[in-house]
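Heads up: the structure comes next, in structure tokens.
Chains: A, B and C, in written order; residue numbering restarts at 1 for each.
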Amino acid sequence: MSARLDQLRSTTPLVQCLTNTVVTQFTANVLLAAGASPAMVDTPDEAGDFATVASGVLVNLGTPTAAMYQAMRAAVNGATATGTPWVLDPVACGGPATRSAVAAELALRHPTAIRGNPSEIRALAALVAGSPEDNVPGSGGATGGRGVDSTDAVESAEPAALALARATGAVIAVSGPRDLIISVPDSVPDSLPQVTWLTSGDPLMQRVVGTGCSLGALTAAYLGAENAGPAGHTPAAPDRHAAVVAAHAHAGAAGILAARTASAPGSFAVAWLDALDALTTDHLAELVGVNDH
Amino acid sequence: MSARLDQLRSTTPLVQCLTNTVVTQFTANVLLAAGASPAMVDTPDEAGDFATVASGVLVNLGTPTAAMYQAMRAAVNGATATGTPWVLDPVACGGPATRSAVAAELALRHPTAIRGNPSEIRALAALVAGSPEDNVPGSGGATGGRGVDSTDAVESAEPAALALARATGAVIAVSGPRDLIISVPDSVPDSLPQVTWLTSGDPLMQRVVGTGCSLGALTAAYLGAENAGPAGHTPAAPDRHAAVVAAHAHAGAAGILAARTASAPGSFAVAWLDALDALTTDHLAELVGVNDH
Amino acid sequence: MSARLDQLRSTTPLVQCLTNTVVTQFTANVLLAAGASPAMVDTPDEAGDFATVASGVLVNLGTPTAAMYQAMRAAVNGATATGTPWVLDPVACGGPATRSAVAAELALRHPTAIRGNPSEIRALAALVAGSPEDNVPGSGGATGGRGVDSTDAVESAEPAALALARATGAVIAVSGPRDLIISVPDSVPDSLPQVTWLTSGDPLMQRVVGTGCSLGALTAAYLGAENAGPAGHTPAAPDRHAAVVAAHAHAGAAGILAARTASAPGSFAVAWLDALDALTTDHLAELVGVNDH
């Protein structure tokens, strides 16, 4: 994780965000504080071309208009054409029908990573992987719960996450008190999955809008930096799983740092941005619990 | 007010916001800090269905696109079908013609509450109630003033607020240095109105964008919590007037608390969010002046 | 500059912003903190009429939808009809083709001022003035660089800024570590240009989204205040160049003040808002380096 933190800051990846209107400002500030560069290029006219030059792309379904769906498809086409890594955040998947259908459609377009809360991941897995332990949305199985709030525990979503990883080839990240990152090695579909549990963060992160959404953007930033290869070295093969883990460690460790100085949501949001900037590799080693298996 | 503060936090009402693009992030953070749960579901495709499951709905006319008008009508239909309480904030009513006409149209769809500044309430009353002391917008009577700024005193809007309460059945809240909340008892149209004057808040609230708009959202949250009935008891008949008063007391008392530690607009906004979270029932009793008559 | 700071606060100009979705909230808060009044009236239906009553208008191309382009043209028509000063911020000009074309179209509609970073100003000059030292976007000359980031130094953009000033009649402001403000006197197209270099600001301003975009809004505010004439005096002829300089001095001096108390991006954004409010004429004299030639 430490090498990747340095890599992010030395490469300043340019992250194109197609995200919801609630969190655009905060997401841009999170990227700037962490060491990346934001570009909110999200119109149907511009999104496709820009995705061919961006380092990474975030597609977040938070407040999807018809024009935004068009722009998202254009961005995915552009990213696919050039191999730009992109992250899908299927916000409230399992809730509104059209949104869930678009989430499923995009999940099958080979995103580099998919990040969501347990309810969203379970609902998306039911749609694209027909995972046996989950039913389709609305049938009493996985549900979108209360809008974007998850009503499920992260642990409960592990089988769905694995099914989703196998069905899409994406690295799957499930956010919660502990974060689960799961993937199956490229082109070895039946191989053993790589599973990482991260322990970090602070409960106040749930009291500030956009901490989850901006983690999706930070994941795209780390994936973009990963593609650039280690600074000063011949690029090694990018490790998508490790990049997603590093993004979650950065966000979570900053949450712990922020909670040292702030104990209420307004000042916590400010302190978290400061901590994203101040975070060192020593902090990562000290603050983040990692369990690979 | 104290029982209702506890009720808000124990029920965490889910508030659907159809609001202007300037204040979406801040409104979501205000709801989270106060103890509610935000959901910015505001597209024509999704708004109607979501209003049937939300605890409360905010309809704010701040930056109204054609699609947003569609979504607002859908949300009002959904809320009406299920009895979900909803709040109309007629931003800049009396200014742009289409916006004023839509404000009037929605005001007659039986919102649970209408919240605005004195200019907006006077302009809306002139449109829907033909209140005698106010003329139609642009004729030199009630005006939208300078955009969303009110140029009128709260006291001057009392007759208009009463006329609007009688014409719409809604609880009318007029925000300013003192807040006026006025309503007429259900199904007794000619009965004496219930009138509450609240003294709280701080002038710095006018220097931070979205304090008024997010008060509309908080009002929807309190109305949603009110419907859930007192925690641990058989639901009593909901008291809409008291719920609107409690929302204004929460926001205003937090303003007083925030001004104890912040004296400039940037830090005040942060402190106000912290205070919305920290506010206790003791603070309410100590800080808010209430005058019913 | 000092007289203009007082003038801003005594006249509280009403600034209509047609700006990108990333920075609407922050821009409104910047205007409120500095002493102006924001109005985000940006729909095709409302933008034209409102521009006839606003004190100043900002047109920022950051996240341009088709509807926003319509609204921008309507606002420019309204502002032109009544002589309302307006500011063009050609965000990412030189990047996406349609956006660059609209920037060129609007630049030729006689904005009162144009504010951008060096890359944007060079690209716009190449489009509307065919400035010899710059090539058209994409040809290897001026480029939009990495989205909204400028890859050029301010000094390198001086010839382009002069060509743009001559071609459009606008005051041209190029933002960077030093700010360049350049204009040619009205109706004397071949006269010597007026050139001002400002030294102020802090590098942390680049780590907070919207400091540049909101400077465009503040420029519109100062131009609006300038039109109102010195407080308590017969209006003198407005000095557009001096108003643009004063806006940049206000923003830059506040950046220096903010950096005295904040050293990371989250708290710096809060401190900058506080400093925009707290800034005195003594601070301006002490903190801003001005070099006219």
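Quick note on the criterion: contacts are C-beta pairs under 8 Å (C-beta built on N, C-alpha and C of every residue); 3 or more make two chains touch, one makes a residue touch a chain.
Note that the structure is a prediction, hence the values are computed from the model and not measured.
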| item | value |
| --- | --- |
| Proportion of interface numbers common to chain A and chain B (over half same, under half different) | different |
| Equivalent-chain rotation between chain C and chain A, CA atoms, steps of 5 degrees | 120 |
| Rounded Å distance, chain A centre to chain B centre (Cα mean) | 35 |
| Residues of chain B whose C-beta touches two or more other chains | 21, 24-25, 269-270 |
| Touch list for chain A against partner chain B, complex | 20-26, 62-66, 92, 95-96, 98-99, 146-149, 206-210, 264-267, 269-270 |
| Of all residues in chain B, those that touch chain A in their complex | 14, 21, 24-25, 28-29, 32-33, 37-43, 45-46, 49-50, 67, 269-274, 277-278 |
